[in-house]
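What follows is a pair of complexes built around subunit A, which joins subunit B in one and subunit C in the other.
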Partner chain A sequence: MSHHDWPDRWKDLYTYLERPGPFENDGFEPGDAVKDFLHSCKILVIGAGGLGCELLKDLALSGFRDIHVIDMDTIDVSNLNRQFLFRHKDVGKPKAIVAAEFVMNRVPGVTVTPYFGKIQDKDEEYYKQFSIIICGLDSVEARRWANATIVGMFDEGDPETLKPIIDGGTEGFKGQSRVILPRISACYECSLDMQTKPTTFPMCTIANTPRLPEHCIEWASSVAWPKAFPDKKIDGDDPDHIKWLLNTALDRGREFNITGITYTLTQGVVKNIIPAIASTNAIVAASCANEAFKIATNCTTYMCNYMMYVGDDSVYTYTFELQRKDECPVCGSAQIKLRIDPEKTLSELLDMLLDTQEVQLKAPSLRTAAKSLFMQAPPMLLEMTRPNLDRKIRDLVAPGEEITITDANIPISLQLTLEFI
Partner chain B sequence: MLNIMSLKNKKASAAAAGESAKKSKTTPAALRLQKDISDLKDLPSTMKLSFPNPDDLFNFTLTITPDEGFYKGGVFVFTFKVNPNYPHDAPKVLCTQKIYHPNIDLEGNVCLNILREDWKPVLNINSVMVGLQYLFLEPNAEDPLNKVAAEVLRSNRKQFEQNVNRTLRGGAVDGITFDNVIKN
Partner chain C sequence: MEPQPLKYDRQLRLWHAHGQQRRHLARICLVNAAAVGAEAVKNLASALSPSSPPPFTVVDDALVSGAHAGRNFFLDRSSIGKPRAEALAALLAELNDEVSGSAVVRSPADIIASSPDFFRQFSLVIATELPENDLRALARICWDADVALVVARAYGFTGYARIVRREHTIIEAHRGPISDFRFDCPFPALASHVASIDHTALDSMASSHLPFVVILIKALAQWRASHNGALPANRNEQAEFKQLVSSFKHPQSVDDENIVEAVANAYRAYTPTKIPADVAAILADPAADSLSPETPDFWLLVAALKRFVAHEGNGLLPVAGSLPDMKSDTDSFVKLQQIYRAKAREDTALVRAHLDHILVAVGRSTDSISDELVDRFCKNSSALAVIRYRSLEDEYTANRGAQYAGDDHSNFYWMLRAADRFRTLHGRLPGTDAALLVEDADKVAAVVADLRSENGLPSTVVPDSHITELVRAGGCELHNIAAIMGGIVSQEVIKLLTHQYVPANHTVVFNGVPSSSSVYQF
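Presenting the complex of A and B:
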C-alpha cells in the first residue's frame, strides 16, 4: 500500500482482483501482483479533448497511476462547455499540461505526464514504453497514424511489442469504442470503409444548382477560393479566411435566393465540425477505461471487439466482432528480415527476394518512406528507378530502415528490414 | 488470449538495443498508394502516368489520348493530388487545359461522382483513371459543369461534335477560346 492510500480506497476494485471470477481471462491470478501491476503499468492517452478529459479522470479513479497524455492543442473558450478539466483562466494554455496538473491535484498518488505536441513528433521508442494505448481523437488521419505506428511496432518474434489499442470516438449522440490487438484482431485500417465521411455534394450541384446554404459555402471554398488564392490553403481557424468565404457564399446565396448562410455555419462546413455532446463522450470514455482496466488485470473478459452506441433514435447499443482484412495495408502486411552485405547491389537484393520461400514474389516494387527504390510500374517510374538497380544497397538505404514491398501478384504489402553484414 | 502482465514480467530487454535514431515511418496512405501505383502494369495505350518527382507518389499527372468518340485526336492532361488521408479522402483531380466538355468546367474542375459524393476507400487510382477516360467516350449531359456545352450535346449532337472538333484545335465557341490539345 503506498502512502497515498487510505483504508478501503480501492476496496471495490480489489473485490475483482482478490478472488477468482466466473469470467476471468486465462492467466488471471488474483492477489498482490495484479494490484501492483494495475498501479504501476504505463498507459498512454492520445488526445486531451472531450474524450481525453473523461479518460484521464476515469483511469485515475480506476487505479492507474502512471498515465501519460499527448495533445497538440491549446484550450479554446468553446471547449469549456464539456472539457471539464479546464477553467476560464486556462484559455490559451496547452490542453495536455493543464489536464495533467488538474488530475494530479485532484487524485492523490497519480502521476500524469503530459506531452504538448503532435503524435507524429514521437517515434517507436516513445510508444514502446506503454502497456496500453487509448485513443480519444477526433480525426481519422491521426487515428490512422497512431494505428499504423502501433500495429507496425509489433514484431511477431517479440511478444512484448504487442500493445493493445483502445479507440473511442463520438459524433453527436452516436459513438463507438473498440479494442484492437495488433495483428490478432481487426485494426483501424481494416475497417476504414466503415468510417463516416464528411458530407460531400455533387460538383454539378455546387456549380450550377445550389439549393442549400451549405452548397454556397462549398462553392466559395472549393471553387472560388482556389481561383482567388491558387497557392493558399484555407485555414478554418483564421477569421479572415472564414470572413472571405462567408462574404463570397452570401453573394452566391443572393444570386440563387438562398438564405441561412452564417459565420458559424461557414466555419462548420469548412472545418467539418460535428456537434460534441458531453454525455456521449462520458459514455464512450467510460467504456474505454473499463476495457483498459480489464485488459491490464485480466480479471474479466474484455470486449471483442467493437461496441457501437446509437443515442439519437432512442438508445441502441450492440457489440460485435469486426473481422481482420487479409489484404489490410497495415496489419495484413507480412514482415521479413534479410541479412545482406551492403556492398551488394539493389538488383542482387531483388534476386534474393525472388528466391524467398515465405512469399511468392514475382515483380516486387520497393520503396522506403522517402524514396522510390525500384518501381515495376507504371512504365515511367520503371524507367526512372531502373538506374538504382546497379547501385549499392548502402547508398540507397540506412541499416534498419523500413522498406515497403508491393507486388501485383500478391494482395498484401511486405515490410522488409535489412540487417547489414 | 492476451496477458500483458506476463509480457511485462519478462522485463524490457528491447529498450537497451539502442536504435534511438528516429526512423521515418511509411504512412498508411503511402502504403496503400504504393500498392495502387505499382499495380498499374498493364495500362491501355490511351493512358499514361508521369511523375515529376519519382520519389513522390502523391503528385502525378495522367495523360489521356482517346482513340474513339468525340474527343479522338486530343491529348488531355490531368493533375492528381493525393492527400495524406487517402483512401479515406478521394484524390483531387484537375484538368490542366481549357476544354469544351459538359462535365469539365473552364477552370478544369471535373464532375465525376466517384471523385466526390460516391468515393469509397475500396476504390483506387485506377478506378479514377477509368472514370476519367469514360468521360471522353460518353460525355454526360445530365450532370453538367459546363451547362452550355451540355445543352448543345442534349439538343444537337451534330453541332456538339463540330464544337468539340473546333475547340480541340484551339478554336472558339460562343466567344470563348479553348486550348489546342491536338496530338502532333
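Presenting the complex of A and C:
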C-alpha cells in the first residue's frame, strides 16, 4: 500500500483483481503481482482535450499511477463546457499541464507527467517506455502518425516492443473505441477508408451555381478572401475574419437570392467544426480506459476489437472484429502495383498516387535503389529532383523496377512497381 | 432558489433548447451519490447550455467511505467520513460557476416512505443504489406525479439504465433530412411552375441544370397521362419509368448529373405521398381528442394538425418546405425553393388558425403557443414521435423478458435483478464476503430460478458463468463502467429534457467485457 492510500481506497478494483472469474483473460493471476503491475505500469494518453480530460480521470481512478499526457494545444474559452478539468482562469494555458495538475491534486499518489508539444517531437525511445498508449485525438493525421510510429516499433523477436494502442474518437452523438494489437489486429491505417471525409463542395458549384448558404460562405473563403488578402491566412477564431467572410457571403447570397447565411454557420464552415458533446466523450473515453484496465490486468478478456457507438436514436453499439489488411502500408506488406502509360510524366504518376484510396499519401517522395526520383525534403534534394517531374516515366525507371515511397507526414514506407501499358 | 417546476413545466415540454427558456431548466434530483450518478450530473453540468446548467439536488444520508472516495472523482480523501450528499454537491458545483447544487442529508428510503411529495418539485429523478422495494416505491411516486425517472447502475462490468416516464413527446427527432416533394400530387403552384417549363426547348447547358424535382414531376405526369392516372406499380413499370426519366437527357449534353439524381430519386416519385404510419397513429391518439386547459401543447398542436389534415390538407400533412441541395443553376433552385417554402408557410398559417380556435375553446390565450413553435412543429410533422414507457411496476409484476430468452445481455439484466433480490433476502449483495463465494453462487442460482418462474420465463438456465461473474463482482462499482453509464444516462436525460432526439425505450444493458450493449422492453 502506497502512503497515499487509505483503507478501502481500491476496494472495488481489488475485488476483481483478487478473484478468478469466468471471463478472465489467459494468463490472469489474481493477487498482489497484478495490482503492483497496474499501479506501476506507464501509460501514455495522447490528447488532453474532450477525450483526454475524461481519460486522465478514468485512468487515475482505475489504479494507474504513472500516466503521461501529450498535447500541443492551449485552453480556449470554447473548451470550457466539455473539458471539465479546465476553468476560466486556465484560458491560454497548455491543456496538458493544467489537466495533469488537476488530476494530481484530486487523486493523490498519481503522477501525471505532461508534455506540452507535438507528438512528432518525441522519438521511439520516448514511446518505448510505455506499456499502453491511448489516443484521444480529433485529427486523422496525428492518429496516423501515432499509429504508424507505434506499430512500426514492434519487433517480432522482442515481445516488449508490442505496445497495445487504444484509440477513441467522437463526432456529435457518434463515437468509436478500438483496441489495436500491432500486427495482430487491424491497425488505424488498415481502416482508413472507414473515415468519413469532410464535406467538400465542387468548385464549379461554388463559382457558378451556388444554391446553399454554405456555397456562398465557401466562395467568400476560397475565392474572395485570397483575392482581397493574398498574404493572409484565415483565422477561424478571429471574429474580424469571420465577420468579413460573413458580409462577403451575405452579399453573394443577396446576388443569388440565397438566404440562411449566419455567423455561426460561417464559422462552422470555415473551421470545419466537428460537433462534440460531453456525454459521447465520456462514454468513449471510459470504454478506452476500461480496455486499458483489462489489458494491464488481464482480469477479463478485451474488446474484440472495435466498438461503434451511436446515441442520437435510442442507444446503439455495434462491436465487431475489424480485420487486418495484408496490404496495409503500416502493419502489412504494402505492395502497390500500378499500370501506367510510360509516356506519362512523373508528375502524373504522383497525381495517381495521391488519388489512391488505400494508401492516402500526403507528400510522397519516390526513389529506386539506384537514384532519387523525387524527394520532398531536404530542400537541396527537392531542387535536384524537381526537374524529374516533367520527365517521362520510361526515361526514369524500368518496368517492374522497385520504387520505394516514403511520406514526409507519416512514418511509412511502401514498395511500388509499375507495369507499362 | 425556490423550485418552480410547475410554473415552467409546460414551457419545458416544448420549448427546450430554444431561446431564453433554457435558463429555467428542469431541476434534477440525484438519489444516492453513486459514482454513476455523479458522472451523469457532471456531464449535464457542461452538456446543456454552459451558462445555465440545470440545478441539481443530491439526496443521500450515507457518509463517505474509503471506497466511495476511491472510485468517485467528485469525492476526495478529505470527504471521507462526511455526508456524501454534501461532499458531492460541493465538488460538482466547482465544475462551472453557474452550477447550483444542493444536498439533502436524509435517507432516500425515509423520504420515499414518509414525504413522497418531495419528489414533485423535480422534473427528473436519477436513482442509484436503491434496494428493490425502495426503488419500486420511488417509481410509483414519480409515475403518479408525472416526474421522469432514470435508474442508473454500474455493477462490476455490467451497466444498466432504465427510463420511466408516462409519456414522452418529440417534435425534433433529428432522424435525418425530411424529404417532402409531392411528386405524385404537386400542389397548384408547383404544378403550374413545372408545367411552365418546356424542357424540350432548353439548350444542352440549361437542360443539364434542370433540377431533378422538375424532371420527376414532368416524367410522372407524362406516365400517368398514358396509364389512366396510375403510378408505376410493378418492377417492370418502374424500370420503364426510369427509362422515361433518362430520356430527359439532352442529346448534346455531356453533363447528366441531374438525370442521375432523378433516376436515383425515381422511387420517391412512384411511392404515393401519405402520412407515415407512426404519425397517423399519433393523429388517431385519444390524447388529441379530449382537450382541456391542462392538455400539453404537443397534443393541442396535434389536434390542430388533425383538423388541417381533415380539411385543407386533403388527407396529407403540411408541406415541409425544405429542399435538399441538387444539381441546378441558382435561379431554378431558388425558384423551386421559394415555391415549396411559400406553400409550407400557407399550410402552417392554416394549422395556426386551427390552433387558435382550439386555444380559445380551451380557454387559453392564442399567444401562449408561439409561431416559432408552430413552424417547427409543422416542418417536422412527418417525424413526430410519442413514447409511452412501461411503468417499473408493470415490468416487475408482468415482465416481458420471455421474448429475449437466450439473449446474452438480457441474462445480465436478470443477474442484476437477482442481486437485488439476494440483498432483500440476505441483507447484503452477493460476493461481498470473499469467504462465501461458493455459497453465494448457490444462493444466487436459487434466486434466479425463483425470479424466472415468478416472471413466467422459460426454464432455460442462465449460464453458470454469469452467476459466477455476478458473485465475483461483489457489488463493486468500477469507475469506468460508472463513467460509461453516467455518459449514457446524461445523454438520455438531455433527450428527455429537450424533447429532441429519441431516447431509448426502455432499458439499456451494457456489458463491459465485450464492450457492447442492447436495449430491451422488459
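General observations
The rule is short, and it goes like this: the second predicted complex is superposed on the first by the 311 of 421 C-alpha atoms of A that agree within 3 Å, B and C clash if a C-alpha of one lies under 4 Å from a C-alpha of the other, contacts with A are read in each partner's own complex, and residues count from 1 in each chain.
The rule is short, and it goes like this: a contact is a pair of C-beta atoms (placed from the backbone, for glycine too) under 8 Å apart; a residue touches a chain by one contact, two chains touch by 3 or more.
Quick caveat: nothing in here was measured; it's all calculated off a predicted structure.
By the touch criterion defined above, A:Thr417 lies against neither subunit B nor subunit C after alignment on the C-alpha atoms of chain A.
Of the two partner chains, subunit C is the only one that A:Val315 touches; subunit B does not reach it. Once chain A of one complex is fitted onto chain A of the other, the partner contacts of A:Cys41 are limited to subunit B, with no touch recorded for subunit C. Look at A:Thr406: by the touch rule set out above, it reaches subunit B but stays clear of subunit C. By the touch criterion defined above, A:Leu381 reaches subunit B but does not reach subunit C. Shared interface residues of subunit A, touching subunit B in one complex and subunit C in the other, do not exist.
Here subunit B touches subunit A in the complex through residues 1-8, 10, 12-15, 19-20, 22-32, 34-35, 37-41, 43, 48-51, 54-55, 57, 84-85, 87-89, 103, 105, 107, 109-113, 115-117, 119-122, 143-145, 147, going by the rule given at the top. Contact residues on subunit A toward subunit B in their complex (touch as defined above): 25-27, 33-34, 37, 41, 123-125, 128-129, 131-132, 140-141, 144-145, 147-149, 152, 158-162, 164, 181, 184, 189, 192-193, 195, 197, 200-204, 207-208, 223, 226-227, 295-298, 329-330, 333, 363, 365, 367-372, 375-381, 384-385, 400-402, 404, 406-408, 413.
In the complex of the two chains, the subunit A residues touching subunit C come out as 6-13, 15-16, 18-23, 54, 57-58, 61-62, 80-82, 84, 88, 106-108, 173, 177, 209-212, 256-258, 277-283, 285-287, 289-291, 293, 300-301, 303-304, 307, 311-319. Against subunit A, the residues of subunit C that register as touching in their complex are 39, 42-43, 45-47, 50, 65-67, 69-73, 76-77, 80, 95-97, 156-157, 161, 173-175, 209, 325-326, 328-331, 333-334, 431, 434, 437, 464-466, 468-469, 472-474, 476-481, 483-484, 486-488, 490-492, 494, 501-505, 508, 510, 512-517, 519.
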